[in-house]
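For reference, the structure is listed below as structure tokens.
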């Protein structure tokens, strides 16, 4: 018997096929030293009404990214069935243990949920969550919106994105929703190594998958929260699930075509940025300096832009370690 | 024999009374499990030339605040004696163990250096550092500039500040230097509980003491780093220690007159800010919501502004705990 | 200036002198790596009505003892002003950080609150809590009831107790309240080393101080919770603060006159008790065996009763370490 | 070559086929930072005499359950070959690293041994132990008795149990031994998810498998230890391996037919039980309250019995987390 | 698609096929809580010139063994292309995370690199390193020299070694290089359990594999460092890759023919050696005593030599745990 | 009431004034999360006979130094009263918690016992131990022998030592015993900072105090253990307490006259020693190199001897941190 055929150990306290509003949990039994018969409890809300497509909305795939969870806890609490045609399944804290700890990965098994798909029914806690999405939730969805931000260690210009896909109809539907979302920036992503990603799992089932990067640093501002909330409503309206008026927003499309977009540190130290996110930088321009910190008087390492473009993402903490990605530079392109 | 009369266990590898540029260390013997005869090594630079006042410049009093260390590692490496009249003593990483760990307090003893003055020669590592400043470095200084930012858990509008003092001449000299520093905002602070602060220790000796809050979140942007570097030069020029042209900048003075400026959370959860730093808020306006995260469907706690003013500082991480300071609102005043 | 003359850094969000029901906090500012401007929040309730004595009721002096917190969270929620003549101040989680962690001592500083009196306004978090009780709460009280149980590592026959005191009038008032409490067992305690105890601090101010040991193991049963809740009401009625009918209960008085009452392990291992709490044991009787666990086939160490009496308290976990108190045997005496 | 065909890395210092009494170890090589050529040493005793069946007796499958280890360290030390017809293999500390740490799971790899079968010869330490039982010890056994209790986080009415099995002859032999064991309660268990259990591994080989739950809380009383010791002897006598007189005891059979027997917490907080183990409860009766602990004055969550029956098991610690099993209610049935 | 066919996630910043000297990194992307887009950076140097064989030189397979890293950091820095005929690939810190932490295994995943072959491209960090050696580096090598020492917990007489192999020509080439290395001792090893070893992976590809044990205790002396540096040059010269004069050294061949060479502790305590490394011991001679440390007055366990021979390796720390290998005794044999 | 006047909380299970052999404990009550009524148990042996002086013998003042504990556990077990004239008090594990953990300082409070004198009766566990020695044990002693070695992070040529003292008669008695001890090397020490040392506490009471450094690295060899055992007997015989024949040994006297004897690292990295302990080095000679380890190809820092002399002590681990003492060079002098 293969893993696929055994049931998930997770049980839901909501009925995904019932109409109306339900608030409940995915209960994942987790026997541990401080609770022999304990469980991980992942909050879930379902709002369903009539016949229509299903949207699966997720936050905290990484536990330290906050615009998505804020938008989704608010949506789950305020969305009324009469606004919906079809179904909205909302999980504001997809990797609940990571979210509760405020960390990217799960404190239980250090699992990066977005590298754990398709998961295992008999694996780690993080793999069991992935398996449940793979076998229970994704098959129920038509449209998937997975919120990300930079987390505690990265900062991004706020963008919404979808992937370049072999199935161009599927791709076009996704980019339509990216456009509808209306983030200040939009990205057509070509994932080089998509092993284990939630994105890939959803797209392989033919789902329309949309994601975001809406800021970072492990915080959320009123501005980036507003982008998340408005974008989520716009997308649901464009998908024909939510009634109401969309609030269209202008967006600038970006492209990160190759590895030169990414600059990595080879030295650790104190990082001084010489440009800020949103600035245009030219190839060869000094983008950051890394100061050795063991003593004064040492010269810093100079990091220069490997290409011209818009400064789109950067390392967030004041200290940097060898191997950290320091800066991402993108092309401004037509949408 | 009282503590004051025993020598500090710290020895300096620089001669504070020699002219020219010196880069060295404060060596603090620290016997521990992984180094029986180990030491804490605090980098220090001294640049001296001719006769004139002494400036003592410090960063990383709290280890996760970066604008100061960047400005001071750069200054220590680039300052030439011929630019100086008098002496500049630079310690970019005052609480070196905290700075190396990227944490507010020392990983050795969890000491908050800015609450450890006057220190103890036979105390914890953090207390020994405080004692060395109290008895060796502060007595040598005329002007003290101590850089702070919000660190990983707070974010500030960038300001330079000094304290309201009983000695009005001392106070006036400090506010002159605050004005010269030229941060976007400037503050006249009335410290309510100044026990254990470096500020208090310096002021009690009659020193001119200036401090800053230049951003936060545990990062430093190109913009806030620029404020720190330019402000530091401006201040040294105004103090008559550095030759060259100052770059005067406009500043807005702020005042935080009473406890109503500060809003504390009584509930933990996911914090959604409804205004951003730099916005004007009105008394009674919703400034933030705190969502319970154990389940969906619960109503958030509403935090409203207890006074009107400029939104000057806020809690940074996306999760908040009961008792955390969530927001600071200040008055815009004449300088 | 001595420590006594500086104000506590703790502020209360309740007014101890106002009538009616108030629920609030003692807020203790606590700057730390994960909250630069954070606080410890200790819940407090005040129920006051008319003129009469003040009772100060506390649980979780040790954080893993549960009968007291249950009785006090319930009392705080249900007590109505009209039932009261005077004032009841309720702190169900006196050492809140320890209580939240489920540990005897504080996870912040490993402080044992009951050995931290009179505390320090500029000490550790635990010492600051002690100082606030010493200087703010105890002076307001007439009667103090401090709930204890065995915690995770000890188990007790449920008893209420007070100390033998030099002031016989004070002592008599305390024993009257012990009798009124009506636990299954009651104890007249002669504290040998009372340094740092809350008990001692209260008694030295002339307060009537009553305490308990109501079970243990880090749990609370319906039975022991019932003893705590009924005893608390009985005591408040006897003290003239609570209106209503007392529920008198029979009690057996116990005495632990000397060091022979206590048996300590000199060897670590797996402990097998040969008698259970509440059984009468005879001097020389085997009370427990300690098996070495590194290999099979070794003989256990035999621990015998050093006196005859009632088996009153024991070590709780299945493993024992050298130096642990294994058993307490008491005399049954007249009350 | 599949995993099954490689030898276990574990070597035994006893000869399982030799007569007489042997005390020794299973030595499991475990290279680690503090012992490059270290090993885990699992104590084992073998007592053999003449021709007869083999009993495999195990304790500390979970490391914080003590009745089994006590009974088995005592049996290993006192059992004489002339009392035996056949063979008794005794491992009082099956998951030795967990037992030495006093924790349910292994401190080395957090492995839950009872979910690690059939194990792997090249897996984690816990999986290697499981593999050795799977391939070396279980094949040698006719009867398996595996002692469990509730551990630090659960408490049980003391019972002995076996599984309902497809092979009714195998099942009948097991229930005969359960009856012979003579615990106060006896259970016919229908395991819903038996993946990875030692029980399942043994039963799949056709072994007669008996288990227990004899108390809990991470302690052992004289009473529950007595049940374990007497039950073990009774079972060995009934299995024809031990000579001597059995001490038959009355037992009450229990049944847990469906999911309604189990109550889970959806909220964390301070748990107040309103009934104790061994009490009969009625459907709808309040069985426990969960108080929020962040502040006083909040109403507790009420947990009611989902069915009538005997209160058989409960959560042990005073604090409860969302997802913890709080109570188990069983039917009293005919044996 | 099997694991073998997917590319390694590791990228090299050097071109293994370019001539001259290159210093760079293997960059292994490693997303973690403190660096969402972080990497492990393994230093690598390549020195190539003309046509000839390739030597792959590695240190810190175990992170606390220092003779190899010292010899290789020095060689990498000083080796000039004109000295080389062929290619030398140098990785002084093969398991870089372990080396940086000073621990045998990786602090990231506790992986023992030398038990992780052939590795996995989608496994743990340690498994990814093994996979890169398996699929990228080993195929490029003709001769492999992997430096080991005893690390923090073992001490060895300094020896160089190769394995007895089925392919006698391959074996002979390896022993020729061992002889050329010229350590004070040389060993022909018959590996009993070679699962997961780097050695085995290399030998299975037909490579000439040579290894060492050059001391231990987590330190390196001038003497053992000299053996490593001279031996490395000698071996490269003998392999025809390095020009220059070899410095031949006498060596004593040792043999460890069976399990009696190894003595394991069954008891923990304070270990007193009665002989030192390099001494000849006789079968039955007391080689060490283990004192119980819980109390004075107890007799130590006596460990005697199970065979006569040269005392070749021993446990290093002053405390010993049950299961630790305490002593290794070898035969002095003809080379 | 000052601290001095309150009794120590430590109680001894031996009678220091009784004749014969006693093995027992100092029991130090230590209430903690895992043992509310727990204790630290420090083993102690007393061997007394007739009238004569008292020797106080201590090991594990630092917990990772092993020659002393081995010599003293052996002496405690084998010494017979009839060999003694006077009294021998033996504590092989003075800082028992540190010794049990194998660490220099106490795992309980990170206390360095040898910097904790005179201690406090109400201080940390380590301070309570110091206080007991200060007020109970040292006053009973005439001669004190305190064994040290280098521990896990330092290595020493084996020497016995005493201090240069103002009281020349006291000093002469100590040096007589150093000479009698007969270590390969002997040292007359001039302690520059003696604050908190056991040595100073003893000498201030007029006791004859002798100490050692007998190796290091956290291990003990047969050779260094032999020096400790023989030296201890020789000293006791010379002090007139032990009957029997001394085994006089030649010794070389060393002197460390000033700070140039000590070399500290200012850079961290991989340390390569260019000379070994016991070698004569010349001023200016390269004694060690420190390689940066982040990348290959970097030049090491060169550390040269600041004076000529015998290489007497060195840093032990293969990695070094800024501030670590790397080397000690001593003068060979006349005794």
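In this document, chain identifiers A, B, C, D, E and F correspond to the written order of the chains, with residue numbering beginning at 1 in each.
Here, a residue touches a chain if its C-beta (ideal position, glycine included) is under 8 Å from a C-beta of that chain, and two chains touch if they have at least 3 such contacts.
Worth saying up front: this structure is predicted, and the values here are computed from it rather than measured.
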If you apply the touch rule, which chains end up adjacent to both chain B and chain D?
A, C
Same vs different contact residues, chain B with chain F, by half of numbers used:
different
Set C-E beside C-D; more C-beta pairs touch across C-D
So which chain is farthest from chain C, going by the mean of the CA atoms in each chain?
E
Using mean Cα positions as chain centres, tell me which chain lies farthest from chain B.
D
Looking at B-D, A-F or C-F, which pair matches D-E on over half of its contact pairs by residue number?
C-F
Determine the centre-to-centre distance between chain B and chain E, using the mean Cα coordinates as centres, and give it in whole Å.
49
If you average the CA atoms of chain A and of chain B, how many Å lie between those two points?
35
Rounded to the nearest Å, the gap between Cα centres of chain A and chain D is 43
Residue ranges of chain C touching at least 2 other chains are 25, 41, 64, 266, 294-295, 317, 322
Which word fits how the chains touch one another: line, ring, star, complete or other?
other
Can you name every chain pair that touches?
A-B, A-D, A-E, A-F, B-C, B-D, B-F, C-D, C-E, C-F, D-E, E-F
Which residues of chain F touch chain E once you look at their complex with the stated criterion?
21, 23-25, 41, 43-45, 64-66, 69-70, 73-74, 76-77, 90, 92-93, 99-100, 102, 155, 217-223, 225, 270-276, 291, 293-300, 316-319
Name, in rising order, each residue of chain F that touches chain A in their complex.
266-268, 294-295, 322
Applying the document's contact rule, which stretches of chain A touch chain E when the two form their complex?
62, 64, 103-105, 110, 112, 115, 150-154, 193, 195-196, 264, 266, 317, 321-325
Which residues of chain B touch chain F in the complex?
6, 9, 13, 25, 27-28, 30-41, 122
